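Each of the next two complexes has chain A plus one other chain: chain B in the first, chain C in the second.
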Partner chain A sequence: MNSSALIHAVIDGVLTGSVYALMATGLTLIFGVMDIINVAQGIFVILGAYLSYALSVHWGIDPFVGLVITIPTLFLVGIVVERAFIGRLKGPEKTAMSILVTYAISLVFEGSLNMIFSVNYVQIQASYVNQSFRIFGVYFAYIYVYGFILAAVLLGALYVMLYRTRFGASIRASLADQTAAALVGIDVKRVSTICFGIGIAITAPGGMIFGATNTFNASTSYDLISRLLTIIVLGGMGSLGGALLAGILMVTLEDIVGVIWSPIWSTISFFLVLVIVLSVRPQGLFGKRSARIA
Partner chain B sequence: MLRLRNLWWVAALAVALLVPQILTNPAYRNIAVLTLIFTACTTSWNMFSGYSGYVALGAGAFYGTGAYTMALLSKHLNVPGNGNMFWLVPVGGLAAVLVAIPVGLIALRVRRHTFVVITIAIFFVFQLSAINANFTGGTGGFTLPYIPWMIQDYQLPFYYVALAILVFAIALSASVRRSRFGLQLLAIRDDEDRALGLGVKVFPVKLTGFAMSAFTIGMCGALYAMLQGQIYPQFVFDPIFDISIALMAFFGGFGTLLGPIIGGLVLESSQQYLTVTYSNGSLYLILFGVLFLLVVLFMPQGIVVFTREWWAKRQDRLASTGEVASVQGGNS
Partner chain C sequence: MNRKGKLFRTFGVTSVAAATAMMMATASGASSTTLAKGAPVTIGVSLSLSGDFSADGLAYAQGYKLWAADVNAAGGLLGHKVVLDIVSDASSPTQVVTNYQKLISVDHANLTFGPFSTLLTLPAAQTVNRYGYAMIEGAGGGPSVFQAGLKNVFDVTLPVAYDLKPFATWLTSLPASSRPKTISYVTSNDPFTQPVVQEAQKLIGSSVKTVYNKVFPAEATDYTSIADAVAAAKAQVVVLGSVDVPTVSAFMQAFEQAHYTPQAFIATAGPDQGAAFIKAVGAGNADGMMVPNSWYGQSKNPASMKMVAEYVKKYGGTAAGVNADIAEAYSVGQVMAAAVTATGGFDNAKIISYLHSGVTLSSVQGSVKFDALGENTAQTAYTFQWQGPKFVEVNPVGDPGAVKILFPKPAWGM
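So, the complex of A and B:
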């Protein structure tokens, strides 16, 4: 093992981890506000990737420019899905039902994407996808750096929205206690719908970067969603900062294991860490003890 | 009343025994075997997850453990390819129990939502280990001893063994439901903290239920491996298996005895039929997804509870023309 490979693994891990953190933030936001585990998040990432792919192949639109179209599109998809299905769930088994409902939704999208784009693996192409530059003897792939910047900007925007606007305050109130939020006059249902929209809209940039750095087809969503769920549970479900840190931490760790041990076992380490952490801290790294248990 | 209900079960069993005599096409018999296997898994899954409310999405880990136990033992014990391989089916179940105990010790420490995700994570640990370890044959999978039975009647013994497993699963689920242990599981589902306060030894109860449900699922995996004659990590450790059996249970009626049976019989047979008839898997995914969404939106408690309530309402309407008969729907 040489140290430059290790440095590289850490840098790549932080850069790609930030994109995972972005996607996971949407998932944890939806869970925190609505008590919904959105298993369809994986297929929405793939949908975002395919949209960017189609725009660049058919109209030659640069994937980053295409975000102007794909983000609002996925926001609308999220609103429609929430209004049609998710918002109707209630009762004691709501969270369990949400897993199955969003899974059914993702099956419908998976089948449709398979029919439209076939099951062949594709990758988003752009002039900078396979190029890199060198600083202090370390190579940086442009797409990873761009992805990192995009994720950082969007996470920053999300932070400003959540902590500096009135609407953000109502989201945070709903995160903390839905009943109390409703009592002080917050329209929790409207907040939920918009949150779901935002959570899904985030998958557009996430999917674009994912699709430019990996080959994908519709069934790649299974691998994605299991990683995203692992990240948000590790961070503590409903904790935005936890999702951010856990995302970067886990992907970096996976890369490091891949370098010093073997790429074969790196994916397992991802899930093993979760199992080990949860046996010590059942609430996750940043989750509040006994919060949202019943 | 009780006697009438027993009669229904006997009649259902008689029909099940006759099915392979009527279905002589091997392709359809294969569908029948797979349907029984999935129904047994769903019933068994529901016996823990449905009664306790702990939705586990990692049952595939036990299914795969059973399948690999069958494959590895038949190879290393040099079992010839004949009916004696069926003796390894309960061994597969036991192996799944042995695996379920440590898994349960870790996973059952957390509650509800986190439990769901940790079972998924543990499942992937199993799947990736099967792909990467040396003794499992890796992605290339494993070939089991060849069974030289006539193609025409190849599925017949499998059908009756699968039926026996299903009967076992239903009997176990029914007796758990009536027992003190079953009531403790139901109490955990309703309010775990209160159950704990009332003196239910919550953790051992959960662990026992979890391990018990793994037994049948492991047996089904072993039988499946023997039926296929060849296994791959992705097919026996299949994430779609995990979610399919949960879907079937919710479709029929989560936490009821009858629901998972109906859900398994209807959904698995129609899924297999559609895959055999139309090779277009994508269309099937869409149909399946839409069907499930419709059931959840219009009958959120599953078809069994929905039908039962509809029937009770109908009876009420009929009765209300005469005397006032108000029957509270307190049935399970």
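So, the complex of A and C:
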């Protein structure tokens, strides 16, 4: 093992981890506001990837430009799904039931995508997808750098929206205590619907980057959702900062272990860290204990 | 014997009798060895129509259906129309067990065909073995399947351990002056890929210096750092143990981003997926990529040419783009048909005995002859390579169908 390989692993981890963090942010936002564990998040990421792919292949639209179309589209998909299924979940079993309902939604979308696009693997292509540039002897792939910048911008925008706007205050109030938020006049139902839409809309850029760096079909969503759930559990369910840190930590740790030890231990090492963290902090790195109890 | 002992004895005898009765009922209800005139013969199959192996699962379904359509067009199996009962296992080794239990005990399938992958074939074969069924399959060539001591499993494809032998022979027989000096081995910890790569390492030995040799988890979704580490080793040859297109594609993309082009790059699976591979990686990038296999779409075997023509007519595309899974699945059907015809019925015990008799059969992939373990010993391993839009045989060197190998591999995207 040389230092160059280690530096490369850290860079790969940070760049790739930020995109995973972006995808996981939607998941944790939805849980934080609505107490919904959305196991369909993986298939929405793949839906975002397929939308970018279709725009690129059929209309020649650059995947990044295509986000102008795919983000609002997925926001609307999220609103429809929330109104049709998620918003109807009530009572103390709501969180548990949400797993079953969103799993069913995931299967419906998976079947539909298989029918439309077939099960053959595809990848989003653009001139810069396979290109890279070199700094101090280290190659940086354009697509990962663009993905990192995109993730940073969107996570920054999400932060501004949450902490600098009136609507963001409503979301944070709902995150803290839904009953109290309703008592002070916040329309928690409306906030929940929009949050679900935002949570799904975020999968559009995440899916686009994922689809440009991996070949995928609808079934790829299973691998994704297990990763995303792991990230938000480690970061703390409902914590946006936690998702960001855990996403980067997960991929970076795996990459470092893969380089200095062996790739076979990379996944195990992350889960080992997860178990250790949860045994000390059951609510995750940045989660609130009440959020896990809810 | 005291009262308690009698009670236990009575209970024990009753339990054994009940269990025996249930097993007999299950066995008798599972399938008939003779079918009423005009009754269809049902063949139960579990395939991965979703999950990690879905692309291969779909191709297998197409291959099985193509064979069934041909058989039915010719009057069926012993005059009985073939009905395929295909259920999805979602690429799960647990679900595949449930599926075959259901196919036999509930759906009363008369015969069974294998699922996709070594990972799923082993539990599937063990399950149908409990019911006395033959498991003829085309994608369970990993050693773990044959080492399980099953007498009912028959793999119509060449055992995977021999897959890279022609490649290794070609590499080590190159003159020292032109032979690559360094090699990287990287493989998924899958029961199909690891034995192939390990066997290649054994065959190549010290003829080419190993500079990287690592195993990565089968459940990996992000290959960037692994591929970057392989690229950093800068070996002239890369042997990749892959099970699917995404794995190969990820390594190819990372290599291109790292401006690293090995002189020879062979992957155990992925490039054999025909048009599906080209669609995923782009035609320019596929040039020079190699894969071991025992069949290809432009094979001159007359039965293969007929099958390929039918496939292209039905699904479109070109001969070069036909997935090798199609031929594997079709061969399974051909071997089963030959066994049924030879034994004159659908008795699985007779079919198993017949296939173990040392008889040599024909398939679209070539000859089929099973040893005691159920391995096909009559087939030849080939190495195939993408050369422009063509998928061609490049070794064994000297084979009548082989063309000159494209070596060194062209740069990415050329």
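In this text, the second predicted complex is superposed on the first by the 289 of 294 C-alpha atoms of A that agree within 3 Å, B and C clash if a C-alpha of one lies under 4 Å from a C-alpha of the other, contacts with A are read in each partner's own complex, and residues count from 1 in each chain.
By our rule, a contact is a pair of C-beta atoms (placed from the backbone, for glycine too) under 8 Å apart; a residue touches a chain by one contact, two chains touch by 3 or more.
What you are looking at is a predicted structure, and each value in this text was computed from that prediction instead of being measured.
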Combined model on chain A where chain B meets chain C, clash or fit: clash
Which of chain B and chain C A:222 touches, first, second, both or neither: both
Touching partner for A:264 - first (chain B), second (chain C), both, neither: both
Partner chain in contact with A:230 - chain B first, chain C second, else both or neither: first
First (chain B), second (chain C), both or neither touched by A:12: second
Touching partner for A:279 - first (chain B), second (chain C), both, neither: first
First, second, both or neither for A:3, with chain B first and chain C second: neither
First, second, both or neither for A:114, with chain B first and chain C second: both
First, second, both or neither for A:88, with chain B first and chain C second: first
Partner chain in contact with A:99 - chain B first, chain C second, else both or neither: first
Selected from 26-34, 80-88, 116-124 or 170-178: the stretch of chain B that, after superposition, runs into chain C: 26-34
Set of chain A residues, in rising order, touched by both chain B and chain C: 110, 114, 222, 264, 267-268
Interfacial residue positions of chain A with respect to chain B in the complex: 31, 37, 85, 88-89, 91, 93, 95-97, 99-101, 103-108, 110-112, 114-115, 222, 226, 229-230, 232-233, 237, 264-265, 267-268, 271-272, 274-275, 278-279, 282-284, 292-294
Chain A residues touching chain C - in the complex, by the definition given at the top: 2, 4-5, 8-9, 12-13, 16, 110, 114, 118-123, 125, 129-132, 139, 141, 144, 213-220, 222-224, 227, 251, 254-255, 258-259, 262-264, 266-268
Touching residues on chain C, where the partner in the complex is chain A: 49-52, 54-55, 57-58, 91, 189, 214-217, 219-222, 224-226, 228-229, 232, 244-246, 249-250, 253-254, 256-259, 275-276, 279-282, 285, 412-413
Footprint of chain A on chain B - complex, ascending: 53, 55, 57, 106, 109-114, 116-118, 120-122, 124-125, 128-129, 132, 191-193, 239, 243, 246-247, 250, 254, 281-286, 288-290, 292-293, 296-297, 300
